[in-house]
Amino acid sequence: MWWQIVRRLLIFLVSALVASIVVFVLLTVVGDPARTALGTNATPQALAEMRLRMGLDRPITTQYLSWIGGMAHGDFGTSFVTQLPIGPQIGERLLVTLWLVAGGMVVALVVALPLGTLAALWHRRVAGWILSGLSQLGIAVPAFLAGILLIAAFAVELGWLPSGSYVVPATDPIGFLKHMVLPWASLGLVQGAVLARYVRSAVLDEMGQDYLRTARAKGMTLWRAVIRHGLRNASIPVLTVLGVQMITVLIGAVVVERVFVIPGIGSFLVDSVARQDRLAVQGIVVTIVVISLAVSFLVDTAYALIDPRLRRR
Amino acid sequence: MTAFMTPPTMPPMPEPALLTNPSAQRRNPLLLVGGVIVALIVATALVSFFWTPFPTILTDTDHLASPPGAGGHLLGTDLYGRDIASWLMVGAQTTLYVGIVAVGIAAVIGTPLGILAGMVRPAWSEFLMRITDIWLAFPALLMALIFATVFGASITSAMTAIGIASVPSFVRVVRSGTIVVMNADYVLAARVAGRRSPAIALKHVLPNIAGLVIVQCSVSYAIAILAEAALSYLGLAGGPTTPSWGLMLFQGQAVIAGDPLLVIWPGVAIGLAVLGFNLFGDGLRDRYDPRLSGR
Amino acid sequence: MTPFAAPAGRPVPLAPETSAPAVRVRDLSISAGSIPLVHDVSFDVGAGQRVGIIGASGSGKTLTCMAVAGLLPPELAATGSVRVDGFGPDVLTASERELATMRGRLTGVVFQEPMTALNPTMRVDRQIMEAMRLHGGRAPRALDRAAAEAILREVGISDPRRIARSFPHELSGGQRQRVVIAIALANRPRLLICDEPTTALDVTVQATVLQLIDAQTSAAGSALLFISHDLAVVASVCDELLVMWQGTIVERGPVTTVLENPTHPHTRQLLADADVSLRTESARPGSGVP
């Protein structure tokens, strides 16, 4: 088992490294970063000066190594557009985004687990149709669109909740929650509808398994057997979906932060793109990609913890 | 809402109970409903080339942000007095255009790569899969943001990025289909008879996975629509005068308190388009080769 | 509907506090929608008695036993009555909650497929302890664990401590079936139901598992309802025989009688299909292994 985790960890590290090279090549090697920073009207002299400042005169490998080496201890460089260090901003804003993603996933799970399980146990056919419809709807309505519609309903029409902006949880926990309800709902509800369908079919699969009949033969009611024995086994296929959804929510958050004016890493990214701030974009994209790869790694590892059959060797 | 991340690593979406019934499968309501929605959108886009109720550049200053029906504007006008129905129609053009180019790029690159991955020795196949895993960490929206930084924000850079980001899901689907075909008796016989790999790929593999590719096109199309909507909402696709549903959402949100209809119309259009292509894809998956539909 | 005579020459059963039959099945019919699957089946299994049901696949024998065990799928409709000794309501009409108090305490089931009958993500001892706790109340964990290991030793596991801590996938088919038997017998039920318990096992393991069922039901004093399509297997374990064909019982009687004088054509067919040497071999494998 340990060897498997180490192997996956190695794959994760190599993947992260390859991804960072790809990002670096796209954002530093392709085109002319100095011109991007200065605009099309820049004089040749200013351009040359900027190249020197950006360190573009050095060999590409040196540039890459100094960038990745800096990141290793949190130094993402200083933006040539805003003149601000990038690392601290990423750290600060990532925290906001993690609140957003975590809350969205909690909403999705809270919606999907009971809904999917109930749908498997009750009125299979009708519940199956309803869940299929809901999850088709969930796929068709992107998070940011859901966010705009939720604002129209709950912030504008009913006036129950604020339509945007962010409150730091440490200073005003209640305000924080009030401001996060709609973003969480927009990321989580639709994702939950999609997840519920997977939960239902995973639980149905487990209900057809012999071991569940054994559990009932021991003296468990169907419900108790499903909850005690079925859910753990059903969580194995659901986990894959959950990992993919977490990445979907992270990417969806990029736009949702824009909808709700939340200063997370997504709005930092969009602002940096609009400012043509290559170095900042480079750092943010690498951060997001590495998080995605880490989620896949954690999901793979979690399999081994849940399913003893995978633990061998 | 699965937005910009293809779900290729997900297990296949469990089919609705309806489809497990063989007699219902023949009727295939998904294909019908999806097909009708897709046809409707395509027809709208085609008509908009020749005719829209009003020119999209016309700003009717007598009817600013007017309700449906006022001044002959079927669905009303936006903040600048532009006709919403006309914008929706031309927005369908943008959506379909971006989708066609993006899916085209993905299919043209992804299909040969997938066949290759399915035919080479397992070690190489494994290597290619690792690469697609990394590739998948760059979903369409992220790729498009990178492209917008490097090449500038435009429809061209958006659809190229979306296309490139959609390649790995094609590779995965095509690879697993190819492996099934490669293990079929007739291919084994052809290999024993000494047929070369390129010939097998063209003569046996490609025709047999064509259905899979078409299904994946439909699924990717839906994802491309979502990514395009998000990008134009962020103002990173076309300019502010290029009609697109995402841009309409963005402009509508500014006046959401006054007129929520301005976000409802483009919202419904986006949802309907994605739903249509997804249902169409599900229906096609049913119809084409049920052997491979399980993926 | 004459109840079967108590078999002669067997040790006196231990468990039954009453002389009522362990199971009394009357006019049991099972159908899926309009399709009849089992029709008008009636029989008794006396306390400590061993009854075999034999028939081809699709003859309704498994459904009959699942009805007795209270494990019939909800989409099937059953009429008639099934009474299990010690359980108040009729099994066919009882609620899932009521049935749960019967299953595992009054009835135990050994299933055909030991590979899938155990929960793959739960250690063996917990699966056995669960069977005991569901009916025996809460005991200290260590005691339960010791009891689980004792049961494993009883079912012929040579290294119970290690097996108890194993996951099902780490065991062989024979070992798994022993664990399933241990779970079924954990509460010394009035009735043990075995649904083709050796069919999925290696030929070499089959005989020892049969001996184990034989010995353990004697030791627990349980009655036995044993399903098989294999005449030789049934003959070696059971006293009485029911032959099912197309959802009905077509022949019944003591094993030797049925085997020597089959009256129904289907029984003759089954006999003809089976090894001829079987007719002469009606002796059982001793009275089991301790």
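For clarity, chains are labelled A, B and C in written order, and residue numbers in each chain start from 1.
As a convention for this text, contacts are C-beta pairs under 8 Å (C-beta built on N, C-alpha and C of every residue); 3 or more make two chains touch, one makes a residue touch a chain.
Since we're looking at a predicted model, the values are computed, not measured.
Q: By raw count of C-beta pairs in contact, what's the busiest chain pair here?
A: Maximum number of inter-chain contact pairs occurs for A-B.
Q: Taking the mean of each chain's Cα atoms, which chain ends up nearest the overall Cα mean?
A: Checking distances from each chain centre to the full centroid gives A.
Q: Among the chains, which one keeps its Cα centre farthest from the Cα centre of chain C?
A: B
Q: Would you mind pulling out the distance in Å between where the CA atoms of chain A average out and where those of chain B do?
A: The mean C-alpha positions of chain A and chain B differ by 21 Å.
Q: Which whole number of Å gives the spacing of the CA centres of chain B and chain C?
A: It comes to 56 Å between the two C-alpha centres.
Q: Hey, how far is the Cα centre of chain A from the one of chain C, in Å?
A: That gives a centre separation of 52 Å.
Q: Among the residues of chain B, which ones contact at least 2 other chains?
A: Residues: none.
Q: If we count contacts the way the header does, which residues on chain B are in touch with chain A in the complex?
A: Residues in contact with chain A: 1-5, 7, 9-11, 13-14, 16-18, 130, 133-134, 137-139, 141-142, 145-146, 148-151, 153, 222, 226, 229-230, 233-236, 249, 252-253, 256-257, 260, 263-264, 267, 270-272, 274-275, 278-279.
Q: In the complex, go through chain A and note every residue touching chain B.
A: Touching chain B: residues 11, 15, 18-19, 22-23, 26-27, 30-31, 36, 124-125, 128-129, 132, 135-146, 148-149, 151-152, 156-157, 163, 190-191, 194, 197-198, 200-201, 237, 240-241, 243-244, 247-248, 251-252, 254-255, 258-259, 269-270, 272-274, 276-278, 281, 285, 288-289, 292-293, 296 of chain A.
Q: Touching chain C in the complex: which residues of chain A?
A: Of all residues in chain A, those touching chain C are 209-211, 213-224, 228-229, 232-233, 306-309.
Q: In their shared complex, at which residues does chain C touch chain A?
A: Interface residues on chain C, with respect to chain A: 69, 71, 96-97, 99-105, 107-109, 111, 113, 116-122, 130-131, 134-135, 167, 169, 180, 183-184, 186.
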